[in-house]
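Below is one structure; the comments refer to it alone.
So that you can tell them apart, the chains are marked A, B, C, D and E in the order they are listed, and the count of residues begins at 1 in each.
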């Protein structure tokens, strides 16, 4: 009885090879890092102890925290809007199926790979040294990482749309910008909204880590609570942040569905 | 106002607090100090919370920052890079800052500094005064070590870890990830107070010399009379609530700092070759 | 008369070894209504898409309206493309955008950018769009989202878009595949009339030989990437049709009858 | 004989006010070969998709093989669905998967998950898949990725997939829209034969009245969501056809001739 | 056109007033933000030259003297990144499927997973770091855990979004022939998801390679800590060298993955 392959000969060999390579890389890494799983299991016992220590809330911090959340939100929102505009522009230059120039596309992708690789401390340094302490610096620092993230995700979404619509618009002789505005943006808008949601969250949590360059907001409050080992306050603030984020996510999902299923 | 312009004073003053191993409360949330300085000097004062000395020092150098709270090492760097000068130091009676060498209470093998030889040890990180430079200096002086080899495995310690924070060092010791560590005493106290660890979980087997308090430093290129006015403003600040909240002692005050206040420290840092790179 | 479109030795190779077009040389004149027929996979779509450079040919020349299309790029290519309308096999509408906007996309290339951003198309264009939609029976769907239409409705929107472009050359890849016979006839009739009235050259891929014979002024048969027939509909004999479509595939009907039946219409004759 | 499929008062309303189906009641018997015709937008696709619940009907009953499909869900619905094959207007292949795997998807519901993951389909299934592909002339494309095929090639893969499912009822939404006449005939012939041999009921949406007349044992005409014709092909007179297709759309040919021409094949008769 | 009034042809039927109100509201919020945060865009533009100057003056030329000393940290970083990318890819994949409406019809389960992942993502790094150290101490495991926690939140969400975008058409065919949930998943969703999946996993790897903050917080070392330390000691030349090494690693992985992808997938 003749055997009938479901995958072509070559691709089976390739898949096996791929699995082997991936496996080898993983085991090499495990060997290298020297993970002591035994220790890990033993210490799992600590989980309840540590968590129970965190199980306290202190409502006296709430008004203060609310005020600071406004700052964080305002900063995150402002950065978001500017970042979305910049990233849209850049991502259409960088997405391989619509990029006007291949080399420019590669340059943009590479440039943002580099931008993303630079640690926030370095950005902090450069921003403070040129702009001084304060919200302006916070704005720029978040902006850099937000543009990096959005450019990456937008580009990926555009590249996933395939070429049908682009072809149809090209065939009418529409220019690059018109193809994007009338064809790709309506097509990608739900994906974009999704990334924008994620980016907004990242912005808020990034503004939390921005104490380093003197940006106020909820992050500063949180760092202080941690540094003074005030567990009750820490927990309260974290709960507030999570609540805020869940609300934001709900709103954004509503918005996304509206765009996806609503009228043109 | 009119007279600030005449004297060539800056129109506003930027002040940055740094979180400090020894008093984590040094926070910018208390507006009292800012208001006081502003009133005394007649100019606007902006206060921020910093997170990194490097950032603060670069800001001093570029003129975006005027006054900053700095540890000895940072002062030295700020002085080299930005010509910063010492201004005032918060003085708290009866409280001394030093770094303790700690190990677990039930560790029978380590009872004094000598026993650290051949053990696993943790510093905080290579840029930390209290978590690295001071304890390393103490070890180098006490055991006559080669400062450049201390971190090498098998030279004095079996292995050296950089834990990246004081609490990390403490937890690593408590969990047995390394045998001993150097931790700022202020941090230990805070952790005990918060109940994270207990007094009798660990023992102190040695300590460094006293580390001078973190001081406010000021940009050197400001007018002399402004710096003096600033110093006076700090010294005349007597808000007990502020000192209670930030330094845990209502009677604490700012006192003017002599320019040679940090010299012993700097000598010690020099002895362990910690300064060669910055000296250029 | 000079040809509107001259194609010389067109070759397209996909990947390494799929030779979809194998050296095609043809001239097309203004006002011709050309139907391209050929078995599935023969290269008809590829041929049509090479003309307006949606597919970049591997070799050969495409001279349209005096321009070497294969050499153009950027603004110049766009300008030439705006003179070439195209109707797609899979409609290629912007799904989330409504019907009238999709149709107005046909006028994008001649609308200034800022106006198109604000949706400020010329009133004549909008009016023509509405009229076209009415003609194809979509007057009730003008503000529906394109992805809510039935297959045939989408196809008709695509046709309106191409016509609104007011092109010199119209390419259509199976424009009536999803249409009911009445609509199909209306559409073919309409293309045919426009072609006559405005001296518009149409190149249409079709699977229905009967429609081809009825509307075409010239039929081209493609098989395995090469032209095997080129002439007036009257010259397309049944034997010829059989040769065009016959291939490996014809030996394989279930019952072992070889696939000698062709379009049903012709069998009935 | 009991009907295999009984549809009672089927209604489908999209959104608020698009009444795509307007109360359809029909019985289908084993071995029938039913062709559904009707103008574009009449609700043919919606009708077919309601049967296997890809579209959830707004009202009405669908009784298939003794089961009330409109009430089923989960495993039970899956089981019934596995007895209903479907051929899609837009093929709906998994583009990044190769041809033979796409065909074997027809046997997924009767293959345990782990086996299907490892590609361990039954040998008979694989053999049948290869044979089906050969029959439709795709023996050279077996390991090609589905998204690299031409339109007609994809459609044939979709047909093979549905047949491999060995269904009791076969639904097809314009299965030959993108096929050349030879392939179209082969496909219709094949569906027809299977229907005869295995007493398989086929419900096929078509736009080509000539094909409908040739292959159907029963023709159903739908217009505006309601059944306007139901009977043997011989009873489908030209006047009837005209009535089915005639609508607003027919008044609008460019030249003002009303759309009295129907499928060309019939005009030629 | 004759003298009749030409009827306007609107392009859509939406209430343009509502659109206007929404746009106006967004603008109001933005203006409030600018005002509230006292952000001056002029100041920002003025800062650009010194921003660029700072980089060129301080960070260049790179100091490659100690390049060899970085090797252990580089290898460590790579090891951490590989392990945590692998593990988080798998876990996040499950979460992604549970979150996406395309693949999970149970609303409660979806909402719960969504909430859980959202919490994972929104608890700041410092908190995770502290918790992990208090529970597990210092060492490799903690490093891997920290990275996984941070990556999962991000990856799950990204996967879910990508799965959402996979069109229902292709899956419809499988639904129609009675395939089970998992068969639709494995034979329909996953093959279509592969390109996005590779994309995200690469991005996760990238994040893991440069997750200096996370590894530093739990005392697990790595290349990021090396950069921070060098900057705190004002050794900018060395810092930029290490950054260059990271960039190199990331670009190289991308290159390798892309060539693998072309050949294998």
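Throughout what follows, a contact is a pair of C-beta atoms (placed from the backbone, for glycine too) under 8 Å apart; a residue touches a chain by one contact, two chains touch by 3 or more.
Each chain and its UniProt protein: A = ABC transmembrane type-1 domain-containing protein; C, D = Phosphonate ABC transporter ATP-binding protein; E = Phosphonate ABC transporter, permease protein PhnE.
If you're wondering where the values come from, they're calculated on a predicted model, not measured in any experiment.
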item	value
Steps in the shortest chain-to-chain touch route ending at chain E and beginning at chain D	1
Chain pair with more C-beta contacts, A-C versus C-E	A-C
Of all other chains, the one whose Cα centre sits farthest from chain C	B
Intercentroid distance (Cα basis), chain E paired with chain A, Å	4
Gap in Å, rounded to a whole number, between the CA centres of chain D and chain A	44
Gap in Å, rounded to a whole number, between the CA centres of chain D and chain B	79
Whole-Å separation of chain centres (CA-atom averages), chain B against chain C	77
Set of chain B residues in contact with two or more other chains	52, 54, 58, 62, 175, 196
Residues of chain A touching at least two other chains	43, 53, 121, 125, 129-131, 134, 223, 263-264
Residues of chain C engaged with two or more neighbouring chains	90, 98, 101, 143
Chains touching one another, given as label pairs in label order	A-B, A-C, A-D, A-E, B-E, C-D, C-E, D-E
Chain A contact footprint on chain E (complex, rising order)	12-14, 26, 29-30, 32-34, 36-40, 43-44, 47-48, 50-51, 53-55, 75-76, 78-80, 82-83, 86, 114-115, 118-119, 121-127, 130-131, 134-137, 139-141, 143-144, 154, 157-158, 161-162, 164-165, 195-196, 199-200, 203, 206, 209-210, 212-213, 224, 227-228, 231, 239, 243, 246-247, 250-251, 254, 260, 263-264
Touch list for chain A against partner chain D, complex	1, 3-8, 11
Interface residues, chain A side, partner chain C - complex	164-165, 167-175, 177-178, 181-183, 186-187, 189, 259-260, 263-264
For the chain E and chain B complex, residues of the former touching the latter	50, 54, 130, 133-134, 136-139, 216-219, 221, 225, 228-229, 231-235
Chain B partner contacts - residues on chain A that touch it in the complex	43, 53, 121, 124-125, 128-134, 211-214, 216, 220, 223-224, 227-231
